[in-house]
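Just below sit the structures, each encoded as C-alpha cells.
Look at the two complexes coming up: chain A is in both, with chain B in one and chain C in the other.
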Partner chain A sequence: MAGLAVVVAVVVVALVAPLIAPYDAVAQLGIDTLKSRPPSLAHPFGTDPLSRDVLSRVLLGSRVSLAVAALSVLTATTLGTVYGAVAGYAGGRVDDLLMRGVDAALSIPRVLLLITVLALWGHVSAAVLIVVIGCTGWLSVSRLVRSEVLGLRSRDWVTAARALGATPARTLFRHILPNALSPVIVSATLGVANVILLEAGLSFLGLGVQPPEPSWGNVMQDGADQIRALWWMSVFPGLAILITVMAVNVVGDGLRAAADPRRRHVA
Partner chain B sequence: MTATFALIHLAPGDPFAGALDDPRVTQAVRDHWRHVYGFDRSLPDQYVRFVAGIARGELGYSIARQEPVRTVLARAIPNTLVLMGIALLLSFGLGIAIGVVQAMRHGSLTDRAIGAITLAGYSLPDFWLAQLAILAFAVWLPLFPAGGVVDPVMHPYLGPLAAALDRARHVVLPALTLTVLSAAAVARYQRSALLDVAHDDYLRTARAKGLSERQVMLRHALRNAAAPVITLFGLALPGFLGGQVFIEKVFAWPGLGALAVDAVATRDYAVVVAVAIVGSVLVAIGSLLADVLAALVDPRRRTGAIARPLPPVPLRV
Partner chain C sequence: MSAGLATPASAAPLLSVRDLRTSFRTDSGCARAVDGVSFSLRTGETVCIVGESGCGKTALALSLLRLLPPTATIAPGSSVEFEGRDLMALDASGWRAVRGARIGMVFQDAMTALDPVIRVGDQVAEVVRIHTPAIAPGAAWARAVDLLTLTGIPGPADRAHQYPHELSGGMRQRVMLAIALAMHPALLIADEPTTALDITVQAQILALLGELQRQLGMAILFITHDLGVAAALADRVIVMYAGEVVESAPAELFFAEPHHPYATGLLRALPDLSHPGDRLAVIPGAVPSATDWPRGCRFRERCAFAWSRCEAEHPPLYAISAGHESRCHLAAEPGRRVVTAASTA
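This part shows the complex of A and B:
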C-alpha cells in the first residue's frame, strides 16, 4: 500500500507540475550570471550551468519520464501479448518459428540496440522514444503470454467454447487471454520501473529526450561532466528516479503476490 | 546482423555528415569521399559487401579512428571482459549468499530488512550509482581513482607490483558499482527460488531425518534451487552488458560499452555494428554456458522432464 501511495503521489505531482514548479523549467534565470549554484532557500535543488532551477526541471521532467514509461510499456505489452498468444495458440511449427525468432532477438543486448537506433534517428522526440522502447520491449512479454496460453489452451472450458462453434480468434481473445492476463499485468508493472531506468539512462547519454525539454536523465547529463563540483545536479534527480522506481517495484511485487498465491513469499 | 544493417541505413546521415556537410565543402569533394568508402553504392550492393566482409571475419575500418575495427575491438574487449568477469563473480557470489541467508530466516526482521535493501539496489539507476560512487570515494573521500584503467601519467614508470596495484585500484569502483546493482537482483531471485522448493517432499524428509535447517538449506535445497539461478545468469547477460555500457561511460572505462557510445556520437557505423555483433556473440556464449551448467546441476533438465515452471525473471533491461 505504501508503494501504491508513493506511485499515486508521483503521478499527481507530474500532473500538476507546471502549477507547483517554483520557476519556469526552461527559463534561464539571470542570464548575466550564467552559472550553476548550490542548493539555497531560493533554489532548494540548486541551479544548473545555464542558470535554470533544478527543482523545477526535476518536477517537469517527471512528466516525460512517466509518460514515456507508461506508453512504451503499453505498446510493448500489446505487441507481446498478441504475438505470444498467436504463437501459443497455434502451437507446432508456427510456434517454433515465432519463438525461435524471439530467442534470436533477445540475444541482442537491448541497450546496445537502442543506443544504435536512437543515435542514428537524429532528433529524438518523446514519441520516437516511446515507439523505439516499445518495439524493443515486447519480446519477453511474448514469451510469458505464450507459456500461459500454451498451458490454458487444452483446458476443458476451451474445448467447450470450440464445441459451441467459437472461431479460433474468439476462443483465443475472449476465452483464453482474459485468464492469462494477471501475470501480464505484473510484468507490465515491473516493466514500467525498468523503462523509467532505461529512459533515464538513454537521456543521460544524450540519446533520449532532447534539451531544453527536461527529463530526469538529461538533467543529470547537464551536470555529468562537472560531477565533482555540481553534485546537486546528480543527487536530486537520481533520488527522484530511485523513489519512483522503488515504489513501482513494490507495487509490482504486491500484484505478483496477489496474482499468484502459490508464490506469495516472493513479495 | 541484418537488423543492425537495416536500422543503420534507415537513419538519415552517414559518417561524413559532420565533416562534409559544411556548406563550404563542394559537392564534388563529398561525392569523392563517399565513393572512396562505398557509400554511393546501392543498398543491396552495400549489404552484400557487408555480409561477405563479416563472413570473412573482416569487421571493416573505423573512419573516426582511422584504424581497422578489429584493432579497436581488440583493445576494448579485454577491458570489458575483465570488468564483467570480476563483477559477475562478485555479484553472483554475494547475491546467492544473501538469498540463502534470507531464505533461512524467511519472514524474520533480518529477511525484511535485507529485502528492503535489495529492492533499493534493484531500483537504482546504474549511472547514478556510478556518479555517487565517484563523488563519495573519489572526490569527498579520495580513496580510489575516478576513472580509466590505469594512471595516465605514472603507470608506465611503475614496477610490476606497483603497476598491478594501480590496475587493481582502478577496477574497484566500477566493479563494486556493477556488483551492487546485480547482486540485488540475484539475491531476490535466489531467495524466491529457495522458498519455491522449501516445502518439497525431499526437504521434509531431510528435516524429518533430524538435519538442522542449515544442513537442509545448504545440502538439499540449494542444489535444487541452483538451476533457476544459473538460468538467470544466461538470461541476465544481455541486461548486464547493457548496464555495463553506462558504468563504462561514467568511469571512462575503455571497453565495448564506452566504445559504442563514442562510436555512435561520431557515426562510426563499422564500430557500432561490430560492437553489437560482438555483444550478441558474448551473450550467446554465456547463455550456452549457462544451459550446460544448469543441466549439470539439475539432472532433470537433461531429459527435459522438469517438475516446476521457472519463476518469473526479475530482469533489468
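This part shows the complex of A and C:
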C-alpha cells in the first residue's frame, strides 16, 4: 500500500508539474549570477551550469520519464500479448516458427541494439523513444503469454466455448486471454520500473530525450562532468529515480503476491 | 431444405453414426479409443451410453462434435449424419453453425467447464449472440435470464450477475444446461453431467432434464457409468466396452434380459439394498489398454464364459431379438451359458 501511495503521488506530481514548478524548466535564469548554485531557499535543488532551476527540471522531467515508461510498456505488452497468444493457441508448426523467431531476437543484446538504433536516428523525441523501447520489449512478454495460453487452452471451458460455436478468435481473445491477464499485469508493472531505469540510462548517455527538454537521465548528465562540485545535480534526479522505481517494484511484488493463490496466505 | 427430397422426418433418424473410429497418438502407440461404433438416435429419443472409465464414451461424445485434441484423428471411413447432413464433411464455419445451435453439449464438471472470469449471465448470453448476431445486447441478456429461469435457478436475475465460483455445483450445472439449451437444439449431448454432483442434486438435474426434454422435444445422448441413471432416463441403452458397442437394447429389455456377460456383470455390481451387508459383486480385472486391444473378444480375459472361440474370433454384433444386439459368441451357442453356470456353481 505504501508503494502504491508513492506511485500515485509521483504520477500526480508529474501531471501537475507545470503548475507547481517554481520556474520555467528550460529558462536560463541568469547565466552570470545564477549558474551552478548549491541548494538554497529560492532553489531547493540548486541550479545547473546553464543557470536553470534543478527542482523545476526534475519535476518536468518526471513527465517524460513516466510517459515513456508507461507508453512503451503498453506498446510492448500489447504486441507481446497478441504474438504470444497466437503462438500458444495455434500450437504446432506456427508456434515453433513464431517462438524460434523470438529466441533469435532475444539473443540480440537489447541495450546495444537500442544504442545503435537511437544513435542512427538523429533527433530523438519522446515518441521515438516509446516506439523503440516498446518494439524491443515485447519478446519476453510474448513468451510469458504463450506459456499461459498453452496451459489454458486445454481447459474444459475452452472446449465448452468451442462446443457452443465460438470462433477461434473469440475463444482466444474473449475466453483465454482474460484468464491469462494477471501475470501479464504483474510483468508489465515490473516492466515499467525497468524502462524508467533504461530511459534514464539512455538519456544519461545522450541517446534519449534531447536537451533542453528535461528528463531524469539528462538532468543528471548535465552535472556529470563536475559531479564532486555539483553533487546536487546528480543526487536529486537520482533520488527521484530511486524512489519511483522502488515504489513501482513494491507495487509489482504486491500484485504478484495477490495474483498467486499459493502465496496469498503468506502475504 | 426441400421437403420433397428428404425422407419423412419420422423415418429418418436424427443422428446416424456408422463405423466411427477415433484414435489418439500416444507415447505408447496409437490408442484406438472409439473402434467402429454405430448407432442411431430418433427425434425426441433418449439413448444412454454406458460403460466404465476408459471404454471410449467421452472420446465418442467429443468425436460427434469434433472437439477432439489435435492428437486425435477420425478414420476416413467414419460417417456421422445429423439432420440429413454429413457432419464429417463440414468445414469450420459449418461446424460453428451446428455446435451450440443444433447440438448442445453439457460437460461432466460444470466447475471447470464455465469460464471463471465471465459472469454466468454473459456466458449464457454469449451463445445467443453467437447464433443470432443481430440481437441487441440487452435482448440477449434478457434471453439469458429467461433461460436461467427455465433451468430452475432461484433468483435468476441476480444470479446472472455472479461468477461461476459464487454458485453451487448444482447451480453451475443448471447454467451449463441453460447454455446448451439456449438455441433449442435438436440434440443434447450430456457427458456424465451429474457425476460431480451429490445424489439429491443429481436427482433434481435428471428430473429437470426429463422435463425440459418434454418441453423442447429434443433427443438426448446421455453418457454415464451409472446404470441407475440410465434406468431412470433411457429409451435405449448402449453398452460400450473397449471402444466398441457390446450390447444395444431398448431400456426395459436391457434391464430385464441383459445378454452380454459384461452387461450382466455391470448390473450385478449394483448394490442391492434389499440385501444389506452382502459383498458387492465385481468384474475381475480392468479395461485393457486402448493401444493394444486383445485378439478375439476384448472382454474374454475378464469373462467367466470365455472359451476357445472367444480367442480365435472377434465376435460380431449378434441380433438377439428385434432391436436387441450383443457382441458375444454366446448368442450363437446359447447352451454354453448354462453349462458354465452349472460348472462354476
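Definition applied: the second predicted complex is superposed on the first by the 259 of 267 C-alpha atoms of A that agree within 3 Å, B and C clash if a C-alpha of one lies under 4 Å from a C-alpha of the other, contacts with A are read in each partner's own complex, and residues count from 1 in each chain.
In the analysis below, contacts are C-beta pairs under 8 Å (C-beta built on N, C-alpha and C of every residue); 3 or more make two chains touch, one makes a residue touch a chain.
Keep in mind it's a predicted model, so treat the numbers as computed, not measured.
> Report clash or fit for the pair chain B and chain C bound to chain A in the combined superposed model.
fit
> Considering only the touch criterion stated at the top, classify A:His175 as touching first (chain B), second (chain C), both, or neither.
second
> Who touches more of chain A, chain B or chain C?
Partner touching more chain A residues in the overlay: B.
> Give me the angle at the C-alpha centre of chain A between the C-alpha centres of chain B and chain C, rounded to the nearest 10 degrees.
So the angle at the centre of chain A is 100 degrees.
> Is A:Ser140 touching anything from chain B or chain C once the two structures are fitted on A? First, second, both or neither.
first
> If we overlay the two complexes on their shared chain A, which of chain B and chain C does A:Val209 touch? Say first, second, both or neither.
neither
> Name the contact category of A:Leu129: first (chain B only), second (chain C only), both, or neither.
After superposing on A, A:Leu129 lies clear of both chain B and chain C.
> Once the structures are superposed on A, label A:Thr159 by its partner contacts, choosing first (chain B), second (chain C), both or neither.
So A:Thr159 only meets chain C here.
> Touch check for A:Thr167: first (chain B), second (chain C), both, or neither?
second
> In the superposition described above, what is the shortest C-alpha distance between chain B and chain C in Å? Please give a whole number.
Nearest C-alpha atoms of the two chains are 14 Å apart.
> Can you give me the overlap between the chain B contact set and the chain C contact set on chain A?
Touching chain B and chain C on chain A: no residues.
> For the complex, give me every residue of chain A touching chain C.
91-92, 154-157, 159-167, 170, 174-175, 178-179
> Which positions of chain C touch chain A when the two form their complex?
62, 65, 67, 69-70, 95-101, 104-105, 107, 109, 112-118, 126-127, 130-131, 176, 179-180
> Where on chain A is chain B touching in the complex?
105-113, 115-117, 119-122, 140, 144, 147, 183, 186-187, 190, 193-194, 197-198, 200-201, 204-205, 207, 220, 224, 227-228, 231, 234-235, 238, 241-242, 245-246, 249-250, 253, 256, 263, 265-266
> Using the touch definition from the top, list the residues of chain B that touch chain A in their complex.
3-4, 7-8, 10-13, 106, 119-120, 122-128, 131-132, 134-135, 139, 146, 192, 195-196, 238-239, 241-243, 245-246, 249-250, 260-261, 264-265, 267, 272, 275-276, 279-280, 283-284, 287, 309, 311-317
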